[in-house]
Structure formats: C-alpha cells, structure tokens
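Both of the next two complexes hold chain A, though its partner changes from chain B to chain C.
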Partner chain A sequence: MSNLLEIKQLRTSFSTLRGKVDAIRGVDLCVRENEILGIVGESGSGKSVTMKSVMGLLPKSAKVSADSLLYKGEDLLKKSEKQLQKYRGREMAMIFQDPMTALNPLRTIGYHLTEVIRRYRKVSKAEAEKIAVEMLRQVGIPSPEARMKQYPHEFSGGMRQRVVISMALCCEPSLLIADEPTTALDVTIQAQILDLLKQLKKDRGMSMVLISHDMGVMANMCDRIAVMYGGVLVEEGTVDEIFYHPQHPYTKDLLRSIPRPEITRGSRLQAIDGAPPSLHDLPAGCPSATRCAHATERCFAEMPAVTAFSATQNARCHLLAEKEA
Partner chain B sequence: MQKREVLLEVKNLKKYFPVKNFFGRKVGDLKAVDDVSFVIYKGETFGLVGESGCGKSTLGRTILQMLKPDAGQVIYHGKDIANLPKSQWKDLREKLQIIFQDPYSALNPNWTVRELISEPLKNAGLSREQCDTRVRELLKLVNMNEDDMEKFSYEFSGGQRQRIGIARAVASYPEFIFCDEPISALDVSVQAQVVNMLKDLQQELGLTYLFTAHDLSMVHHISDRIGVMYLGSMVELGKSEDVFRDPLHPYTRALISAIPVADPKLGRESSRIPIEGELPSPMNAPRGCRFCTRCPHATERCREERPELREVADERWAACHLL
Partner chain C sequence: MLKYLVKRLLQAVPLLILITMLCFTLINLAPYDAMDAKVTDKMTPADIEQMREEMGLNDPIPVQYLRWVKGLLQGDLGQSLINRTNIATDLKEKIPNTIKLVLPAYATAFLLAIALGLIAGRYKNTWVDKLINSTASIGLSVPTFWVALLFIYFFGLKLDLFPVMGMHSLGEDSFEDFLHHFVLPYAVLTIGFLPDLVRYVRSSTVTQFDEEYVTVQRAFGSSSGTILLRHVSKNVLLPMITKLGMALPMLVTGAVITETVFAWPGIGVYFTTAIRNLDYPVVMVVLVLSGSLVILGNLISDILCAVIDPRIRIGR
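Up next, the complex of A and B:
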C-alpha cells in the first residue's frame, strides 16, 4: 500500500496574548491509500490542529512548519495559496463536529451543494442540481428533490450531518477528514452515520482520517490508530495492536479508564490522575510524564524518541526504549 | 434479597410544555414527560437512558420540583412533594440536590470556591465559621486543596470544576442527587475520576442517585437499575445487567446494539440492529405505542393502543404489546 499523505516533523504554533503556544511538536504521520486512520486524544492534544495544518485551514496566528507534507508525492508546503485551493475540496475534504454551524441558515440545502459543485466542475446550473440530488440520495436522504429546497433548520442533526458529508463528497476527494463527525449526535444516529461513512469509503475507495475521543467509535471504524497527547504522537499502530497490545503507558491508561461493562461493572474504573497538560507550560520532556505512574527524571527532562515494536506499531517512551535495548 | 426501602415513588407524572403560535395562542402540548411511574430505592443508582429530547432531564427536574408537574405525584418519605406549598419546601431542597452537565456554566465566575460551596450552607442557617469548617471538609472529601477556597472557578480544569459542583450538591447532607449528565462535558481520562468519586461518595454518605449520561456504557457501569425512555414515556425498566445483556423492548434492543464497543474483535463480530428513521417530534407523537413508527415488528394493535409498562419477568418491566 502506498502512502497518500505523508507528514514529516509537523510543527504548529500559535501566537497568543500569553506568548507562543506549541500546539503540535513534531508529528510524523502517514495516511495510506484506502484506509481509515483514527486519531484519538483528549481535548487540546492537537488532533484537529494536525489535520487542519495539512489542509491549511488555520487562522493567520498559526505558524505551520514541517520537513515535508507530501500529498500524492507533492509537497503541499511549497504550494501557493492559489494552488492549495485546488487541493481543498477536490483532493481533500473535511467535515466538522457541529453540522449546524457548517451550514448557512439563510441558504437552502440545494444552494450549498450546487455552490460546491459549480465551483469545482464546469457544469450548468441544471446539471449541478442533478448531481446534487444524486449526492443526497447516496447519503441516504429520503425524497432528495424536495429536500433540496429546504433550509438547514428543517433538518434534524443526523440529516444535517448527512448533508455536510454529501457536500464534502461532491468533488470525489481521495481523502476525507472527519473531525468528530458524530460527537453531537445520539447513539442510534451515530451508528447510522458511521455505517454510511464506512460504506462510502468502500464504494469510492477513498482514504479517511477519523478524529475522535471515543475509543468505541475508533475500535469499530479504523484500520490504524494514532494516539496523541500534548501535541505529540505518543503511539501508533493497527487497531488490534492498540487495543490488545498497547505499549505506551498513556494508551494503556486511556484504555483502562473507559468502562467495559462486562468486566468493570460494580468495580472501580482506573482513572488517570490529574488533568491534561496546559499547552502554555508543557513539560520539556514526555508530555504525559506528569500523569504517568512510571515516570523517571529522564522522562521530565528529555523528549523520548520513537521506538518501533513491529512494522506498524511504534511509541514514544523512554522506558520502552530502555526495555527494548 | 432483603426488602429494599423505597426512597422516591413517582406516580403517573406528567409534564407538558404549551406550544404557542406567533400570536401567543396555545396550539398544542409538547409532552416531555407523559405518564411516567417508577420507584427509586434507597442507596441505589438509577440510570436513565434515551436519545436527546426523550425527556430524561425534564423527568429529573420535575422530580426535584424545579419544574412544576402538570399531573401526578412524587412521594418522598410518604409525603407527596409534587403538591406541597412552597413554604414547606425549604427543608426538602437540602435533601434533594442536582449536579449539572456543564461545570463551565453552572458555577458563577464572580464567586470564589468558598462562596460557591457555602451558598447552600448559608441558606441552611450556618454561621460563617461553621460554613468555613464545612467547606474545608467538603473540599477534602472531593480531593481538592484547602488553598483552593479563595480561587475562582475559571482557575480550575473541567474535572475540578465538576468536583466543586459535586461538593456544592453534597454540602447540605442530601439524600438524593439527580446527576444530569455530570460527565458529558469532560475528557475521557477525567470522566473515570468523577465517576469513581460519585461512587465513593455514595457509599460514604449513603446517597441515592438518578443518573443520566450520553455514554451508555458509562450508565451501564454505574447504575444498579436502568430505565429506558422514549418520547416522554418509560419503555423498559430493569436491573442494569439484565437490560444490557438481554434487552426486551425493540427500542432498547436497537439502542444497545448501536453502542460502539471498545473492542475491535467484538465489534467486527456483532451486528447492529438497524433502527429506521429518526425520533418523531414529541409534539405529534404517535397515538399508540410511541415507538410504532420505527419498530420493525409493529402491528395494527401497536398503532392503535398504547402499551402499559408491566412486569414481564422478575424485576423486569417493559411497555410492549408483543412481549
């Protein structure tokens, strides 16, 4: 499998009133063809910022630098804004958590869709409408012709998310980035949307990056998982490796802290002490050192290097590196 | 099993919100809670699950009399508190408390932690010194520092804020706490801390909880018994492990199969029971069984006649004609 997207040493910082904040501190990540990569992490761990950096969707206060950002072999960092426009939407598309804010309440659903289609394809208005209806049908919206004339407030949360997905798919992107696509939805609707995304991925053979904090969603959707914490990728591996053989102490703690009712009912959950670190005063060393039960002095002082455990799994931890050596 | 003491009994509770048109004329009712009856035993955690808009929060708030019920009774220690005059409410308020979903908006940002936690104590008539001692005790109880007393809520993380909310709720020695999605706004790693703390406090202080959360596996984990709500009515009720292992009502079955299991192998093997369509608007809920529009097994009878919640097996209740 070849790599669709290859990120090397991505660093993103924001200048704020309280000084510079390093949101991403050297992330290496790749997305292969036809796979679903999951990025898990708590709020502020940098999972959304990573993908927004790649898309070039961050505000001006953000500074993005990387050794390379290869998309289909071309370095996105070397592209001008105008050239990047060609990638956004057509090659990579992104859907967001809250489908209400992603849609303009004053415009019809049909307007949203035809705008996207006409921007990227040279088609007449009537043809664009035909494509839009077809798109809505594909994402499972009943009676799409009538729905085209309706406004976002006439749609339920799940239906709105379907509209947003259909907008993202209009130009048949090779990479779909879904940033917490189901967090705002109920479980039954979440299951419908996840099934839809899986089906679309299969039908179109596209790659997907799924950003979420829900380990349950991750387990059921992803081929590979990357765990982020404090702006650093702490562990990466296939879904089975992460769930059945986690290596990094933070991944282990994270998996232990979610309830698995068959096992944990009635007993105590193993909570992780403390809170996620503030990005304003990150420790110099391993970001999870302050909450890690095994942390040594070295962990606080020095950022650990990547240790590989298999062809697909690696983690950043001093203790694991020492054990392997 | 020993005889359990009933703490709260809810009988045919109804809460309708009037829906008005542009000119302020009433055009209908939104039946948020429609004829719900159940009991909560002393010392247990009763979990409420259901999709958003099914009436979980309204039910909890109506029990606490934060919302005035339109009909029905809430019997607490043999007294019907739903129809009590306001003057007799003061003592009850101390005994029935609530923890809110969003610790960011539930705490007044202009108040210090001392003021936040001592507010219910002042209402109970404690002196300043007594208040301070109790606040110190409470902070210790929720694993926070005494020095935090003079800080403001914005100086804390979400998990710590929720602990302040918990300290406030338990300040006046309550018997019953309605936990309205207390963990939904928190990070995954912090959720477990708060859930553990709620469990510890329950044992130490002999509390009874009514607990709601979006995360169904968390409700399963913490609850002794569970009630499943759909469009304002209770469709299934039973012991937590029974309801999750072997759900009876078609809606519960679909709901539980939709929970994403945090186990890739189990996830690949299990199949989801699809649930068609979406929640109908509670303004024009179906006439018969509330679930009949989405139920794969619905018959003519389901569309005409509303099923009652009845005991179908030992300690298991469901509202379905087909059982």
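Up next, the complex of A and C:
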C-alpha cells in the first residue's frame, strides 16, 4: 500500500495575546491508500490542528511549518493559497464536530449541495439538483426531493451531519477527514453515522482520517491508530497492536479509561489522573511526564525519541527506549 | 402570518397610548402654558381667567388629555401658539422637504456602508480595513454641525460652488436650483449616517467569517470571494433590514441639526423653532409623531424579518 498523505515533522504554532503557543511539535504521520487512520487523544491534544494544518484551514494567526507535507507525492507546503484551494474538496475534504453550525442558516440544503456539485462538474442546475437528490439518498436521508428545499434548522443534528457528509461526497475526494463527526450526536445516531462513513469508504475506496477521543469508536472503525498528546504523536500502530500490545504508558491509560460493559457494574470508570499540560508553559520533555506514574528526571528534561516495535508500531518514550536497548 | 400581524399591531396600541400620555404629561409639567403666549399688557387678571376657562385650561389634566387625543385621532393636531397656523397643514408642507433630504442621504449611506463594511470585514486587519475602520471611527466622533460648518466654509464660501442656505433661491422653482441647494446638506447628512452603518456592517461581516459554516465551505474548496458573496453577505444583510425599519423615524427627525445649519425648510427647523418659542402644541405633535414612527419602524422591520428569515418564517 502506498502513502496518500505523508506528514514529516509538522510544527504549528499560534500567535496569541498571551504569546506564542506551540500546538503541534513535530508530528510524523502518513495516511495510506484505502485505509481508515484514527487519531485519538484527549481534547486539546492537537488532533484538529494537525489535520487543519494539512488542509490549510487554520486562521491567519497560525504558522505551519514542516519538512514536507506530501499529498500524492506533491508538497502542499510549496503550493499557493490558490492552488491549495483546488485540493480542498476535490482531493481532500473535511467534516467537523458540530453539524448544527456547519451549514449556512439562510441557504437551503439544495443550495449547499448544488453549489459544491457545480464547482466540480460542468452540469446544468437541473442536473446538479438530480445529483444532489441522489447524494442525499445515498447518505440515508428520507424523501430527499422534499428535503432539498428545506433549511438547516428543519433538520436534526444527525440529519445535518448526513447533509455535510453528502456535501463532502459531492466533491468525490480521495481523502475524507472526519473530525469527531459524532461527538455532538446521540449514541444511537452516532452508530448510524459511523456505519455510514464506513460503508461509504468501502464503496468509494477512499481513505479516511477519523479523529475521536473515544477509543471504542477507534476499535470499530480504524485500520491504524495514532495516539496524540500535547501536540506530539506518542504512539502509533495497527488497531490490534494498540489494543492488545500498547507500549506507551499514556496509551495504556487511555485504554483503561474505556467504559466496558462487563466491568462497569461494581467498579468505577478510571479517569486519567491530572490535567493535560497548558500549551503556554510546556515541559521541555515528554508531554505526558507530569501525569505518568513511571516518569523519571530524564522524562521531564528531554523529548524522547521514537522507538519502533514492529514495522507498523512505534512510540515515543524514554523508558521503552531504554528497555529495548 | 395574518394572525402574527394582527397580534403585533395590537401590541403597538398600548405603546402608542403610553407615548401620548408621556408627551402630554411632560409638557404639562413645564412651568408654562398656552395662556402665556396670549397674554398682553392690556388684559386684566379677570380677562385672563375667563380666557383660561374658555380654552379649557382649568379642566383637570386627564380631561384635557382626552380632549387632545380625541383631536389627534380626528386629524386635528391643533394650532401653533405663535403663528396661529394649523399644525397639520404645516406638517404637510415640512415633512416632504425633510424626506427629500433624508431619504437620498440615508439610501446612499446605507448602500455605501454595505459595500465598505463587507470589504473591510472580508479584509480584516489589512490596510484597506484599517483605512475604512479608522475613518469610520473618526467620523463617529465628529459632530455633524462641525462637518456642516466645514463644508459651508470650503464649498460654500471659499470655493463658492454651492449655496449654503435654504432649498430654493428666492423666486426660483426649478429642479436644477433645488439640486444646487441640495448638494451640501445631502453630503453632510450622508457623512453623518455613514460611520455607524459601516461599523455595523463590518463587525457583522467579521462575526460571520468566524462562523463554522465558513470553515466548512473552505474545506469544500470555496474561495473566500465566493463565500463572501454567496454566504456571508446574506447573513450580514438580513439584520440590516432591522436597521432600515429603525431608520423610519429619521425621515422626520433625522436631520434636525443639518436642517438647522443649512436653514432647510423641513421638520427640523420647524421643531427647533417651536422649542425655542415654547410653542408647546407643535412640540407635542412632533414628539408623538416621531415616537409613533419608532414603533411603526420596529413593527415593519420585525415583519420584514419574519418574511425573509427562514428560521422565523411563520405560517408555513
């Protein structure tokens, strides 16, 4: 399998009123053809910023640098804003957490869809409408013809997320980035949307990056998982490796925090101790050192290097590196 | 929709009553009444007392109030104490003059503000925005009469391009002559309306560009120009309709200062003269009129919003 997207040493910082914030501190990541890559981590760990950096969707206060950002072999960093715009939608599209605010309240669903369709295909308005109806049907929206004329506020959250997904599909992207697409939805709706995404990925053979803070979602959906913490990728591996042979202490903590039906009765859900570090005064060393039960002085002082455990699994941890050596 | 309309109209009635009561009470609290304008040296106190009785000024206040409101409802706005003219006739003559000045000025300012505000908001923090925004801020803090005097000095006196007084030259009645007189007060008034509107449009554009739907549009390959024209502008313009409704009372009282400085024969001059002469029936009528227009304007803008905004569109 070849790499669709290859991120090398991504660094993203924001200039804020309180000074410079280093949100992403050297992330290496790749997305292969036809796979679902999961990015998991607590809120604020840099998952969204990582993928928005790739898409070029961050505000002007953000500074993105990297050794390279290769998409289908082309370096996105060398593209102008105008060229990047051609990539967005057509090549890679992104959907977001809150379907309630993702659509223009004053435009109909039909308008949203036909606008995207006519951007990429030379078709008449009537033909675009026909395609749009078909797209709505594909994402499981009942009586799509009638729905075309309605406004976003006439849709439920789950239905809106389906609309946004269908907008993404209208672009026929090779890579779909789904940033916590179900976090704002009810549990039953969550499962439906995830099923839909999985089905679409299978039917269309596209690659997907699925961002979530929910390990349970990851297990169901992904081929590979990357664990992020404090703007750093602490571990990555296949689903089996991450779930059955987690290496990094933080990954293990994350796994322990999944609610499991068989043990919920009588035992308490384990939260991870401590709070994520503030990005304003980040420790020089391992970002999870302050919350790690095994941390040594070295962990606080020095950023750990990457240790590989298999062709697909690696982690950043001094303790693991020492053990391997 | 009809039900909503009727409901809103009924809600406006108590407000109107309140406005008339307020105006009447406030004016009656003033240490002065209709008699003082009529008293002459030749009258004896007995004469004065008799006249008071005849004019009903000795009746209890509520009775006087009801008499006045009844008159208003029948279209009898009363008489000016000073000129002895019929107020309704005066208004019919003055209001069109004011509208001729305010309507073009407000329309110009409104359209200009939309263009400038959208540009400034779209190019936030660039030099274009800084130019537009800081000019608007300065404009906001400069009083209208000062701009008017400046214009009079430069364009009227120094360059002698335009007349600085009135609406027509004596004996002239042509449209050209009107336009010639119109230019300066129109320009001053437009400049007066502009800054507030520009800043309003700009800030609402900036807010809209921070909305999530803009990011989503970008993620699907929209250029920011397309986003501005097809998505943001609609969201910016919708609340502007509210502004339009609120501007309705300006058709009467929007140009008091400008009219006074340029001696434009509109409501503004009529009103300020009445205040100066304590011509209280005129003051009351103008106050009630502009108060009613505020209510009517709000009503109109609410209805327009209800018709246009799909989120509150009713009766579907």
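Points worth noting:
Throughout what follows, the second predicted complex is superposed on the first by the 320 of 325 C-alpha atoms of A that agree within 3 Å, B and C clash if a C-alpha of one lies under 4 Å from a C-alpha of the other, contacts with A are read in each partner's own complex, and residues count from 1 in each chain.
Everything below uses one rule, namely that contacts are C-beta pairs under 8 Å (C-beta built on N, C-alpha and C of every residue); 3 or more make two chains touch, one makes a residue touch a chain.
All values reported here derive from a predicted model rather than from experimental measurement.
Superposition model on chain A: chain B and chain C are shown accommodated side by side without a clash. Within the superposed three-chain model, A:Arg107 lies in touch with chain C and out of touch with chain B [touch as defined at top].
Look at A:Gly158: by the touch rule set out above, it reaches chain B but stays clear of chain C.
Counting residues of chain A touched by each partner, chain B versus chain C, the larger count belongs to B.
Of the two partner chains, chain B is the only one touched by A:Leu255; chain C is not. Contacts of A:Phe96 after superposition on the shared chain: chain C is touched, whereas chain B is not. In the superposed model, A:Ser43 makes contact with chain B only, not with chain C.
Of the two partner chains, chain B is the only one touched by A:Leu194; chain C is not. Closest C-alpha contact of chain B with chain C, superposed model: 6 Å.
Chain B contributes residues 51-52, 157-160, 187-193, 195-196, 199, 214, 216-218, 220-221, 240-241, 244, 254-255, 257-265, 267, 272, 274-275, 278-279 to its touches with chain A in the complex. Contact residues of chain A toward chain B in the complex are 42-43, 156, 158-159, 186-192, 194-195, 213-220, 239-240, 243-244, 253-255, 257-261, 264-265, 268-273, 275-276, 291. On the chain C side of its complex with chain A, the touching residues are 125, 211-213, 215-223, 230-231, 234-235, 238, 309-311.
Put simply, chain A touches chain C in their complex at residues 55, 57, 60, 85-90, 93-96, 98, 101-107, 115-116, 119-120, 151, 153, 164, 167-168, 171.
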